[in-house]
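In what follows, subunit A forms one complex with subunit B and a second complex with subunit C.
And now, the complex of A and B:
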């Protein structure tokens, strides 16, 4: 075990005090002199042409300073280079109930609201598509003309030979799984304050974003302004979970309204608007087949996935590719086939949500694997161990695996949950289930193809011997600021409070791609280490000169520099800084990180998504009880082990793991967006059922440290990988408890009750189930 | 969504409050804890000119119990106070249980009994923002001409979604109503109209001032069973309240109330007729449960299906009756 002084400490999050005392400023807390209130007119129709928009009455209303429609800013944007299909406001067509039709900026909220009512829109309704399998059959009135049959993208991957693999199997099982749509439900609704200053022709934008860098690029493109005229600042963020990881309409809309009004404009979404902006986890229909030998070794897996993407591209193809890329890659399976379709429907766009793309397929895979184990009479924990990878290795779909704590995760949860004593042995109505999941530690390939480093960090030592850490990485509540600070403090051997962090301001901080795909600890963390090492080198050089020793005999720790040559020489960090200043003048260093070429995956179409410099692993045992009269499930305990490589801060890792599990449980048993002809029936936190504290079980987190060779001091991702396993662990536990398998999410009380009734006779219970 | 503009009136006395209500007529609206009124105002469901805040009226508070005259609850008594009152817990168990299931601890601290008994009815097509409702052409209950739940009909089926009313009905509760003309009393069962659009028999200038529960029912065993997706926050999707008097295992008296399935809370009187004078038997319970699902008529007003809610009425009726009847202590 390495001898760290700050890494490995349970340091409280540096942004915590401001948040819990209410002092912290989120975007909606900000105000500028003369600031206007922006409001958006949303489409009442799921699919319609806009024949005419008349804004004259709205413009004439006193207090209204700007009215903007699609034609005013027609430049297209989208997070993926292949999917620029959005505009600030709809240009000639609306594509979902809630689509953006026009925006107004007025001196008061009431004025803005009245102005919206005065905008006259003449729509011509078009046939609309709501069902993902039906929409693929559409022959006309496609949602985007350039996407025939409403198919945004399709991918067909074949690794090894699946047909042969299945032919060699002793057991082949297939099942159709269906997952409902879920959303992030971050506490903070999206908010943007934009200030276009005509005197300087500059735009400054404060926004609730996970990706300031991409927002910067998009604003330049939509507004037709040079990048250097735009500054994007990320204030405190009240949770993102992926819902702020692409450019959201409000961000562009506040900017264009401010540009038009030449005054600051703020728009904060209502909760209902957050549901329209959405970008959450899509409906997926997954037809899955697994083949296995009698000893449990998997011979092949085949999946056909139809993904209901909503009306715009967003991250959609990436979501789909993750579903395929991570389908079989946590196990040693030589034959994998994936056929995926990302289709368009007249509903809000889906996108990235914690566990991006991997969650629904994991639910399907781990549920079906449980069935395989039961039918073969193998302990479900054991079957997972029998199919473990042998790292370092490259999976059939060319993902490089360097560290692999999964087997250890399984052993730990089996031991700590009492798996052996419980499985199949609890009274009817109670059960345990096991499942695993994994996730990338950052995408090895950036969204915009480029050779630029993915993260860069600058360090500057100030006069008073404080260290300014300039990073583009976006703290969104996941702990990014704290982790970077700990890494720099460790390498420089200084007290954490010596470091002042300046983050996510495109005018002051170097480029970082943003907070998505669990990349920050790994990539910005590595950049921090590189920068700190460069800085330390300068310090040591200067101190070595003063002492007349060689620099490699020096160590920095506990705010001091000491000589390790037995001389007992010690110098405070301040003195070392003073010495370095004598020699170098200013004291600055930079560090950056780009994933190595070997980690960037294969060359086939779609190979860019899935590769990561390292993968996290999670195993979970869920313990549930089922009320067999009402069908209600209560999850009583989750024992979860997460391989995070190294816990730079065990407290924040545990927080992330618990949060992931909790979010997974929401999708497992109760959360769901409910649609009626493209109309969202539950766009509120009352009717969208995120778990309350009373449904939140005891979560027992166990950290497994596999020490990745490339991770910063061995660290890997911690924020997403434990979400997916929660769902199949619960599903498998329900099977253990009452002998029914529910193949769709959420696993509602009603579904369980129905399944229990269908299986009336006790003899009809599946193999491996009890009673 | 911001609140619409309104005038806030804060009378200190009941007689003053009813005069204010009379002054503004249909343009006035009472607010007590505001936990129902405020979200509804934000959703644009009402636009009163005057909001009459009755929280400052001292005479509307308090829980009083007298073994001879029974229980008196002021309209402003909070749900927390009722749920935690030892008198209510001991003598009128079903009420304590029902009050304790309302919403969440924070909302129970604000929410009052009066507000709970006068709650607006709820429907998935109604409890939405103005923009949302406008996009689907509104509905009968507010600004529209059709019912999306039962198209073709003239009636609104918005559901009574309060928890305490059914419990109080099983306790033969009476309410007291104040108006500029004085005070009157009414059995709680007569207060509700079973009409989603026009839910209660309360004049524009009237205030529900208090609730009385007879001494006769003190000590009845009680159970309240509530269907909801989350164990906190959620309104009931179905609810069954039972109060029962047992003597040597024989049911001397029993009342069963339903909520959250019809536009009004309802007593299922047949249950009393079926069970009075009987000893516990699963068959008797089943017969009673059957009567319950003949009365409860859930429709598609919520995110749960009507079939499931109806099923749960049966389960809950069975559970509550079995629990109270077949055990010795009740709880």
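And now, the complex of A and C:
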């Protein structure tokens, strides 16, 4: 065990006191003098041409300062360079119920609402597409003219030889899985405050964003303003989970309204608007085949995935590519085939949600692997161990694996959950299930295809020997500010409270790509270490000169610099800083991180998504009980082991792991967006069924520290990797409990009851399970 | 609607504001008094983020008419710390990780405070029942329980107002 003093401590989050006292400010808590209220007119139609918009009556209403429609700001944007298909407001057609038609800014909320009612829009309705498999058959009225048959993107990957692999198998099983749509439902509704100042021709934007840098680029593009004239500031964020990781219409709309009105404009979504903004996890239909030898070794896996993308590109193709790239990559499988289709429908766009792209395929794969194990008579924990990777290695689809705590995760959850005593041995109606998952520690290739470092951190020592840490990374509640602070404190050997953090302000902080793909600990963390080491070098050089010793004999720890040459010389951090100032005048350092070339993956089309400098792993055992009269399943306990490389802060890692598992359980048993002809039937937190305390089981977290060779002091991601395994662990536990396999999410009482009744029919066939 | 002057007592302080009779307490707190610790997370009183205490009872300020609560003692998150010292619940949410994004935290701390005032030693099940109207999307609730239990221990060692540190 390495000898750390700050790293490994359960340090309270640095922004905790602001959050528990109500002092901390989120975007909607901000106000500026003369600030207007912005409101958006949304489309009532799923697919329609806009024939005419008349805003004259709205503009004439007293108190209305700006009315904007699509033609005023027609520049297209989108999070991916290949998917610039959105505009601030619809230019010629609307593509989903809720699409953005016009915006108004007025001195009062009531005035803004009235103005919306005065906007006249003539629509010509078009045939609309709601079913992902039907939409691919469309011959006309495509949702985007340049996307024939409503297919946004398709990918076909073949690694090894799947047909040969399956031919060599002793057992081949196939299944069709269907996953419903789920959404982030972060408790803070999206909010943006934009202030265009005509006197300086500058725009300042405060926004609930996980990606201030991408928002900055997008605003410059949409408004046609130079980047230098725009400043984006991220206040406190009330949860993201991916829902704030691409530019959301409200962010652009507040900015264009402010530009038009030349006054500050704030727009905060209602909860219903949050649901329609969406960008959550898509409906996916997954046809999966797995082949295995008698001893459980997997010989091939084949997946065909149709992903219901909604009306715009967003992150969609990335979602789909993650589904393929991480399908088999946590196991040693030499033959993998993936055929994926991202199709367009007249619904809100899907996007990145915690566990981005990996969750639905993991549900399918781990469920089917459980069936393979059962049919071969192998313990489901054991079959996973028999297919483990042998790192360091490169998977068949060119992903480099440097550390791999998955086998240890399995052993730990098996032991701590009492797996051996429970599996197949509990009374009918109770069962246990095991599953695994993995996730990237940051995407190795940036969205914007730039060679720029992914994270840069600056350190500056002030006169009072406090250290200012300037970082572009985005704290969204996951604790990344605290992690960066701990890493810098550790490396400089100073008390954490000596460090003051300035973060996520594009005018003051260096560029960081944002909080998505679980990248911050790994990438901003490595940048922090590099900056701290550069700073320490200067400090040691100065102290070494004062003492007449060599700088490599010095150590910084516990707020002091000591000589390790037996001289017993000690200097306080303040004295060391004073010595360095004598020598250098100012004391500043910078550090940055870019993933190494070897971690950036293969060269084939779509190879850019999936590669990461390191991967986290998770194994989980779920314990459930099923009411065989009603079909109601209740999850009683989840034992989860997460390989986080090194726990910089075990408290925040456990918080991330527990939160991930909990969110996975939501998708497993109760969360679902219910659509009817493009209209959402449950656009509220009550009807969406986010679990309350009373519906949430005990979650027992175990941290496995595999110490990654390239992670910051060995750390990897912790915020997403444990989500996916929760769903198949529950599905497999239900099989252990009552002998039925549910192949769609959410695993509702209705589905279980139906499956139990089907099984009772004399003609029903199936693998039967243990009962 | 015609705005009328009303008097509210919030965190022990008197405030006079002129508001229409349909103005919600949450809006008065956030916009007129600039007490933005109470949050709005939903449209239909289902999330609990706006919880305040009215005469010690947790209530949703997004469905309370401000003018109807002129006789009540309103407590918001801004009044929980005394003389700059964090309440044991606030300390608990810091040291045990109960506050991740922090958006649900004000409401949850107020509900927990009301719980501990009527039941100083609740079981985990009793905590869960008390908090069942407050959604959290970050934690899965485990660290929220640990945070409340931290406060229970601290309050047993040194009740607030006992003068002990």
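Descriptive notes on the structure:
Here is the rule we go by: the second predicted complex is superposed on the first by the 763 of 771 C-alpha atoms of A that agree within 3 Å, B and C clash if a C-alpha of one lies under 4 Å from a C-alpha of the other, contacts with A are read in each partner's own complex, and residues count from 1 in each chain.
Here, contacts are C-beta pairs under 8 Å (C-beta built on N, C-alpha and C of every residue); 3 or more make two chains touch, one makes a residue touch a chain.
Since the model is a prediction, treat every value here as computed from it, not as a measurement.
In the superposition on chain A, A:674 contacts subunit B only, with no contact to subunit C. Applying the stated contact rule after C-alpha superposition, one finds that A:270 touches each of subunit B and subunit C. Using the contact criterion defined above for the overlaid structures, shared-chain residue A:692 touches subunit B and also reaches subunit C.
Of the two partner chains placed by the overlay, only subunit C lies in contact with A:12; subunit B stays clear of it.
Contact with neither subunit B nor subunit C is seen for A:217 once the two complexes are overlaid on the shared chain. For subunit A, the partner with contacts to more residues, out of subunit B and subunit C, is C. In the superposed model, A:97 lies in contact with subunit B only, and not with subunit C. With both structures placed on the common chain, the touch criterion links A:172 to neither subunit B nor subunit C. Once both structures are placed on chain A, subunit A residues 270, 272, 686, 692-694 are touched by subunit B and, in the other complex, by subunit C. Remark: subunit A residues 42, 44-45, 97, 109-110, 270, 272, 629-630, 670, 674, 679, 681-683, 686-687, 689, 691-695, 749-750, 753 touch subunit B in the complex. Within the complex formed with subunit A, the subunit C residues making contact are 30-31, 34-44, 46-47, 49, 76-78, 80-81, 86, 89-91, 93-97, 99-106, 109, 127-129, 131-144. Residues 10, 12-13, 15-26, 28-29, 31, 184-189, 236-241, 270-272, 476-479, 651-652, 654-655, 658-659, 661-663, 684-686, 690, 692-694, 696, 698-699 of subunit A touch subunit C in their complex.
Residues of subunit B that touch subunit A in their complex: 1-2, 5, 104, 124, 128-129, 131-132, 134-136, 227, 229-235, 303-305, 308, 311-312, 315, 319.
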